[in-house]
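As written, the chain order gives the labels A, B, C and D, with residue 1 at the start of each chain.
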Amino acid sequence: MLETISNRTEITVRFSECDPLGMVWHGNYIRYFEDGREAFGKQYDIGYWDIYSSTKLAVPLVHIECDYKKFVGYGEKIIIETKFINTAAAKIIFEYTLFNEKNQIVCTGKSIQVFLDAEKKELIITNPTFFEDWKKKHLG
Amino acid sequence: MLETISNRTEITVRFSECDPLGMVWHGNYIRYFEDGREAFGKQYDIGYWDIYSSTKLAVPLVHIECDYKKFVGYGEKIIIETKFINTAAAKIIFEYTLFNEKNQIVCTGKSIQVFLDAEKKELIITNPTFFEDWKKKHLG
Amino acid sequence: MLETISNRTEITVRFSECDPLGMVWHGNYIRYFEDGREAFGKQYDIGYWDIYSSTKLAVPLVHIECDYKKFVGYGEKIIIETKFINTAAAKIIFEYTLFNEKNQIVCTGKSIQVFLDAEKKELIITNPTFFEDWKKKHLG
Amino acid sequence: MLETISNRTEITVRFSECDPLGMVWHGNYIRYFEDGREAFGKQYDIGYWDIYSSTKLAVPLVHIECDYKKFVGYGEKIIIETKFINTAAAKIIFEYTLFNEKNQIVCTGKSIQVFLDAEKKELIITNPTFFEDWKKKHLG
């Protein structure tokens, strides 16, 4: 069994994402985490639409955290590393590490998502079968 | 018959809305226009939800424009004046004038919305009855 | 000595802040936290500009976290409660609790800011005098 | 002399860019226009930083407009075509055409930028030499 799987994707900081200090406004890292999840989802077939269209489940965030280490400014490139953290609970957990062009850590973060029956707006507390299958396939 | 009706509302520029030049990023004025439409909608009972809940019509934007006159920075107050422009067409047209604290014009703009059957995703090309009634009530 | 001081401010959820599920996109709560800090800063004279103009210090975020409890949709009102958490370290710590119109907890969060010499981009590791004075004045 | 020069770049619609109707929130197209200008700037060496670092000039927007033709939703790809419109005035004018994956026009738009002495916050009303040179080089 693999310990974990991860994805690396690159974004370039937009002008509109920077604040009057000339640096990425801290709230925009939450977007970068979503970019990371997107790229992960594409690589491993577990994007929002993949999940929703096959199961009618939404996967809303219940926790997010971010630790900021270095400033990054307009036009700089950021590598977003998104790592899947396995858990027995009915949750999707990711850890993020963002690197600048010098390979220095810009920030680290974590997100926790749960499974929600989108029609009934009800939380799913046992791991959905599709997710168990997905884990078997990708984590062995 | 009144020529037009309008609303004035005030917002304070957020830190996260300003760019590395220290001024409101130009795209954020589109949010301020929406804040203006919201305040207008509340005053005259024609908000997005008012329309949608009574008619199942959505009112998407088909045109927006903005002319920038003066910079505005973090913490400054802006008055948004939103003016309803009457037209025979099945459209909702607003003109916006934004003022700074010295009553100088910061920018002007315009938006055009149409009526859309939200279920069928079909454009409504004759003025909906509710809108004709609303105009009679508020414009006389 | 008071244990803590806090501020309560109200915002209304904007259309543009909601996602395809019809609920506030999770990253936008980070904006609401900033709205809370702003309102706190105004009430207790410790806004970004207050600090910067008197000391040339910026107060960037080094940590943020958010726990989501309930969905909130377009047009709903949210009360943001921002509580100052006293610490001996050279840090500004806030805790946030957001309530919906039924007084239910929507989310809770926390932020940690540090003091930065904006010119030299250097971290200040001892509590600045202005901040010690501010604490004496407001926390007794 | 070439009549014009243009750039084509592709983006994928983010979840956070879509509104409760499930479609790109109209204000986000202004970001896509900026993405188009960025890509154009990179291809032809006339990005914000290129201009600023060689001339200390900023190039703020004075006009933006957008005509919406088709809805686009989360995960869809958009091609942004950014066309430079030559003018004798001291202005940078771009026209934008956005296409969906079926090559249908999603929206069209236009932006006008002026040259600003960033220190003195003064408008430059004659074409800067660097811009005349740039036009000669790229438009012949």
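Just so it is clear, a contact is a pair of C-beta atoms (placed from the backbone, for glycine too) under 8 Å apart; a residue touches a chain by one contact, two chains touch by 3 or more.
Note that the structure is predicted; figures quoted are calculated from it, not measured.
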item	value
Most distant chain from subunit C by Cα centroid	D
Contact-richer chain pair (by C-beta pairs counted) among A-C and C-D	A-C
Gap in Å, rounded to a whole number, between the CA centres of subunit C and subunit A	24
Averaged-CA centre spacing for the pair subunit C and subunit B, given as whole angstrom	30
Distance between chain centroids, defined by C-alpha means - subunit C, subunit D (Å)	35
Shared interface positions of subunit B, touching two or more other chains	15-16, 21, 27, 31, 34, 74
Subunit A - residues contacting subunit C, complex	21, 23, 26-27, 30-31, 34, 58, 60-68, 71, 118, 121
Subunit A partner contacts - residues on subunit B that touch it in the complex	15-16, 18-22, 25, 27, 73-74
Residue ranges of subunit D in contact with subunit A within the complex	12, 14-16, 31, 34-35, 38, 47-49, 74-75
